[in-house]
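The data blocks that follow each hold one structure.
Here come two complexes built around chain A, the first alongside chain B, the second alongside chain C.
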Partner chain A sequence: MAEMEETLDFNDILDDWFIESLKTYKDLHVYQLEHPTQVIEWTSGRTVCVAGYSSSKNEILELHLPLKLLADENKGLCAERDFKVVHGGFAEGPVCCLRHVPGTRCVVTNDGLSSDLQVWTVGGDDSDVIRRTGSVKGTRSVSAGGSRIAAPLSSQVLHGARSSDIQLTELTSGQSLYTLETDSAEPLSSLQFVSDAVFLAGGCNGDVYIADTRTSAAPQLCPGPASRGESVLWWTDASAGRVVRLSSSGRAVISDLRDLGEAVSAAQLDVQSRRCNLDDVRVSWAPALDDCIAVSGFSAAVQVYKTSVWSAERQDVRPLFEHRGHSVSSRSGDHVFATAHVWHPERPRTLLSAASDGSVHVWDWVDQSEL
Partner chain B sequence: MPEIKVTPLGAGQDVGRSCILVSIGGKNIMLDCGMHMGYNDDRRFPDFSYITQNGRLTEFLDCVIISHFHLDHCGALPFMSEMVGYDGPIYMTHPTKAICPILLEDFRKITVDKKGETNFFTSQMIKDCMKKVVPLNLHQTVQVDDELEIKAYYAGHVLGAAMVQIKVGSESVVYTGDYNMTPDRHLGAAWIDKCRPDILISESTYATTIRDSKRCRERDFLKKVHESIERGGKVLIPVFALGRAQELCILLETFWERMNLKAPIYFSTGLTEKANHYYKLFITWTNQKIRKTFVQRNMFEFKHIKAFDRSYADNPGPMVVFATPGMLHAGQSLQIFKKWAGNEKNMVIMPGYCVQGTIGHKILNGQRKLEMEGRSTLDVKLQVEYMSFSAHADAKGIMQLIRMAEPRNMLLVHGEAVKMEFLKGKIEQEFSIDCHMPANGETATVTTNPSVPVDISLNLLKREMALGGPLPDPKRPRTMHGTLIMKENSLKLVSSEQALKELGLNEHQLRFTCRVQLQDPHSDPDTLNRIYTHLKSVLKGYTIQHLPDGTVMVESIVIKVSSSAEDTSTKVLLLSWSYQDEDLGSFLSTLLKKGLPSGLC
Partner chain C sequence: MRDSQRIMTCMTPTFSRRKVGRLLGAAFTSCRCFHTELGGLESSALPIVHHSSYACELPAGHRFPMAKFPRLLHFLIKDQVITEKQVWVPEIASEALLSCVHTEEYLNNLMNGTINEQEQRRTGFPWSEGIVTRCRYETGGTVLAAEVALQRGLACSTAGGTHHAFPSYGSGFCLLNDLAVAAKYLMGISSPKRKVLIVDLDVHQGDGTAFIFKEEPCVFTFSVHCGKNFPLRKQQSDLDISVEDGMKDKEYLSTVEAHLPWLLETFGPDLVLYDAGVDPHGEDELGRLRLTDQGLYQRDLYVMKTAVSRGVPVAAVIGGGYSRDIDKLALRHSILHRAATQVWRECGM
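Right after this comes the complex of A and B.
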């Protein structure tokens, strides 16, 4: 009897949230994958790749977004709400990082255990297979934790697990084109290009390195924000000249890319700080929405914050929007965590998020402050 | 090796119609007989020429099984049975039998009356076809004939939908039809036992889809209805009495209650009478919740939903109306549509597929100007929404079903094998079973390994055990000697002696003898010795004995040496063997005729 009551409560809460969602979301899609993913990567404007992270064999899938979401005119006449699995492949180990090489049908993955990368080719129209076509050796032969991967607009890949082993590798030849010269060996939490040749590497201690792959000059090092002795991890994201750094205690700092030493604004985010691993938390700037960041990994929620209202002194802030779908629709409640999120490259308020229970949500939220 | 053959009828890549032929244990079964809704000509019917070039199908088919009442699964049935010709049994569940003829008649009316087609089945043909139907109950084994049996399992999806197991001897096939693995508001989820069929047949589209949750589809429905009501518009929902009407009513009722909404909701009475009638008849096919509700009250008794009167359509202000028929092709729903189409605040929500030729089909294709009777045109200004609520399994669901049934082989129809290498690999890896993907018109052949149970006599068993050696087990079969007696339906393995006794026959032994002349100057015993040595070196691996009674035995073949009376160096070898050792005996006589090698001592 108690079990039935519990089921009723769960359904009631779920129903409540769905009713509430009528006003808080324009579009909402809820999917259940067979196995959870901690990567979501755009491979085109309409397709994403996801992959499993269990310790043994895992699937890499390329999914086509539902037609109804993509339809602009005549949206009402399209009833198609499902993901289509267009390509799939098998990885021997977990997939912790997955990056699409722009302008190609290649993706590069890392298993989070060593710094080697696997190279895959996603089939065309005539095949549904994602095939392993190569590998890239990391500089360390001893496993030192996973590598971060960044890909510029060509068939080169920038990768590394620590600041001491960042290198730029030509995919087809395997040739190393550039290596970052630095003394420190800080594990990296992020690696991205901020222009064609200039990249930013974020260490987990909050330090940020900026370097140019065309020169062998030493990188510019910007130490992380003072942490008052707490041992925290830091994640970094850069976009349009601004950099956000987020700590595992929920502290966020915004700086200008040209002057990282100065904090433009700071805030204490409304998150439950917990013991995090390097792969847990994601922070990203919205590509099509001014001054907005999305944060996930502290719990099952994905939050959107508007940074333009932050002040220079660190104050508590509330999110502009919180997506609670993963916790509400999971029967395990507290034990579910959001593993990944991505913004849609063009639609301002559309995001995809994934959680540890295998759920994947696609949501287009309503900015209540604009109503 | 015994095999099962499966052929999806149809041509090239076309999907959207189900008609599959299965040949198992000498029996031929047709699974579903659907109409392809995208074609206007004969291509909409399955291509029966695969079965026979001309003439009736009765002698070629042992039975036809229909999984559920959707037209892409049963739409061509009257054409097949009455126009091509089939007089054998047609199996389907009770609800399917009750609902099929209604849908077929509606479909016929639209196609013939509205579109003026001629090569189509008539109302009488539908009736004659349904007379051949034998209804099925869930989980009940039905003997089609002495050897062929079928059983229906609950599939969910729509009222009366079934998955079917077809069995001949120890070979079986399960066909899923359309099914879903998660229960919804009025139907349960598909279920099957660990029946371990040789082949599980399902749709490839399931395996490549990840479905949006039911709740999100419902949310979209509520959102659209709510938005229209809020702006003062009217919402028309054309439904088929046994489609989603009941489910959508429950949904709206709950929503109205929660949000304290005041706008009226109506359903046409024809709709409720029919729906109540059928749900009452087939209550066991719905889910737990519906059954509980029904026991308490009439299924269409709602607080916020009332019976419709046609005068209400002219009332001002917002309202929601459920009306039949579902494709806006006639009747009340079309009347209401005509009144409301001109106002852009209004909305029509189509919850299902609409057949070509209907207004529903036209507006879902974006048509905004419709030609009505009497050459008048209707401007479609209201908002048109197409929503799909049909419950289908997806990639996760198909894996769950395979885990439930544990088939030895998987077969997916309506996909392109060339493009499905990953999917095939996934199923093969996860379950260690083969995955077949025949193209339309192509036959997939699956070899089976049926086990044939045979009784073994105790004497024979004891004798085999007495021979020693390891005990037989499934991984190490042992060869044995016996006689198989097939009497009536039983198979029995006995010793040869017992078989002869049972048959009243005497056992005879056949022995061959042969004389071979040999030149050898030694004494008889020495010659015999030399023969023994020679054979031992040539016939390695055989049991060769030199016995004290003056003979050499090779297995059971006896060799004796004696001298010719005239000349002691001319030896006569006497070889004697039984019929069983015929080959070896012949070999030995040929060998010895060649003489003994000189190098022997």
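Right after this comes the complex of A and C.
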């Protein structure tokens, strides 16, 4: 009886949320995975890959976004409002990092335990299977954490677990094309290309390395923002010449890529600092919305901040938008965390997010300030 | 009721295009004269109830398709489904009338603008005088449609179906429960009370109405809705049919056909209030079913014909529908009035 009442109350909360969501979102579609994912990676303009991270066998799935969301002008014509699984496969271990190799049907994964990578082919030949088609050896040294992966335009993959073992490997041949030489062996929290050959490696202590795969010159090292004795982790994202660094205490610093030593602006985000693992928090620049970043991992919420209103002095800031769907729609409430998020590459306010309860949402929020 | 006006209805009518149906106070339940200028008495065509105040201003970007009400009338006239002569104009529902369903406290808060933030959020409307007024006209329209249906056999409003409103609070774009007010009012207070069957085919369960009439033997609530749609917290109608996502025309019609005739037979209503929501349509933004225009037409035709051919009058309201294309939505709602016109013709009314 008490259980039934609880269900009724929970349904009431969901109903409240539904009505509110009509106002706050232009679109909102939810999907429930059997097992949660901490990766969401675009494999085309309409499909994403997700994968489980439990200690044993995990599914890798390619999902097609709801047609109703994508239909824009002819929204009415699409009855299909759900995500659809289009391809699936199994990984022997957890999937902590997953990257699509652009222009191919390949994805590359890392299990967070060793620095080796697994290579997969998604579908092909009328098959709906995601199958393992290769691997890339990481460095032999035993590393505490797994590798970050960045995939440039050609079939090469940049990967590494620490600043001391970053390599560029040719996927088909397995040949190592480049290796970064550094003194420190800082665990990496991010690795990305900022141009065809130049990449940025973010250490979890906030240090940032910038190097060029075409030269063997030493990388440029930009030490992380000074943290007053706190033991924090840092995450980094770069886009259009700007770099944002975010700490596990919610401190955000923005710099110009060409002058990382200087902070253009800073802010204290409206998040609850928590003890984090390297894989928990994500920060990313919006590809199609000026000066906006999305942040997830501190709670069940995904927040969007407009950085252009930040000042040089670190001040408390409020998010431009907060997606609360994962906490509202989860029975566990407080114990749910957002595990990943990605921006849609073209639609300015569309994001996908995933949470520890297995939920996956795609949402297009309404900018209230524009009304 | 003013005597001079009462006399006027029984005298030779003066000519005027617009009819104004005035609602009688709750006390006068047996009088079948409404205050109306001509037109209504002259026109032998299907009665259509409409008020320009069915629509009001909403904050920019608001999701509720308010413009559908005037657009619906526009299309009905433009497509020559009806003429202006058929239009009956309702009076605003008085507080006395509304109080037969809604609590005094709620009505006071509604009139005075003291509905709290959380309650407002649940309705989906920020409070304004305008929104309250339009909801009152809408309710007045449904009541008038019911009254006219009792006299003429069939009537349709160009609004109505606010079935998520409960006695003490609003929900899901509904502030007042028009179907409940109409049913309660037409049921009457003296024995034998009229029996009212509420056929709610909006894709969302008529939870407010179900709750209001749970213990009332003279009102039977019948709802066909999609289980996964709002509200997730369901009430208990007298008959609930919860259908699966994606249901199409044929199966949906079979579902209605499986229940309506025997309900009419066994419950034996004196009046049917029909909520012809178009949100079961495949293109509806919120509904999870897959009916087509044709399916909606067949459905409406079936419901009205089945009741009318058994001598049971039907008052129909447009119910819910959600689309960003207002014209498409208005045309979809007009399916009801086109079907009603067909029934009017076929049944020689």
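Here is the rule we go by: the second predicted complex is superposed on the first by the 362 of 371 C-alpha atoms of A that agree within 3 Å, B and C clash if a C-alpha of one lies under 4 Å from a C-alpha of the other, contacts with A are read in each partner's own complex, and residues count from 1 in each chain.
FYI, a contact is a pair of C-beta atoms (placed from the backbone, for glycine too) under 8 Å apart; a residue touches a chain by one contact, two chains touch by 3 or more.
Keep in mind that what you see is a predicted model, and the values were worked out from it rather than measured.
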item: Superposition on chain A - do chain B and chain C clash or fit; value: clash
item: Chain A residues touched - chain C or chain B, whichever exceeds; value: B
item: Touched partner set for A:Leu14, first chain B, second chain C, both or neither; value: both
item: First, second, both or neither for A:Arg81, with chain B first and chain C second; value: both
item: Contacts of A:Val366 with chain B and chain C, given as first, second, both or neither; value: second
item: Partner chain in contact with A:Tyr31 - chain B first, chain C second, else both or neither; value: first
item: Touching partner for A:Leu22 - first (chain B), second (chain C), both, neither; value: both
item: Chain B versus chain C as contact partner of A:Asp259, first or second or both or neither; value: neither
item: Residues of chain A at both interfaces, chain B in one complex, chain C in the other; value: 14-15, 18-19, 22, 76-79, 81
item: Chain C contact footprint on chain A (complex, rising order); value: 8, 11-12, 14-16, 18-20, 22-23, 75-79, 81, 366, 371
item: Parts of chain A lying in touch with chain B, wherever the complex brings them together; value: 14-15, 18-19, 21-22, 28-34, 57, 59, 63, 66, 74, 76-90, 125-130, 329, 360
item: Chain C to chain A touching residues, read off their complex; value: 59-63, 121-124, 171-172, 230-234, 246, 282-283, 285, 288, 290, 323-325, 328
item: Residues of chain B that touch chain A when the two form their complex; value: 207-213, 215-220, 222-223, 226, 254-255, 258-259, 364-366, 383-388, 394-396, 399, 418-423, 425-426, 429
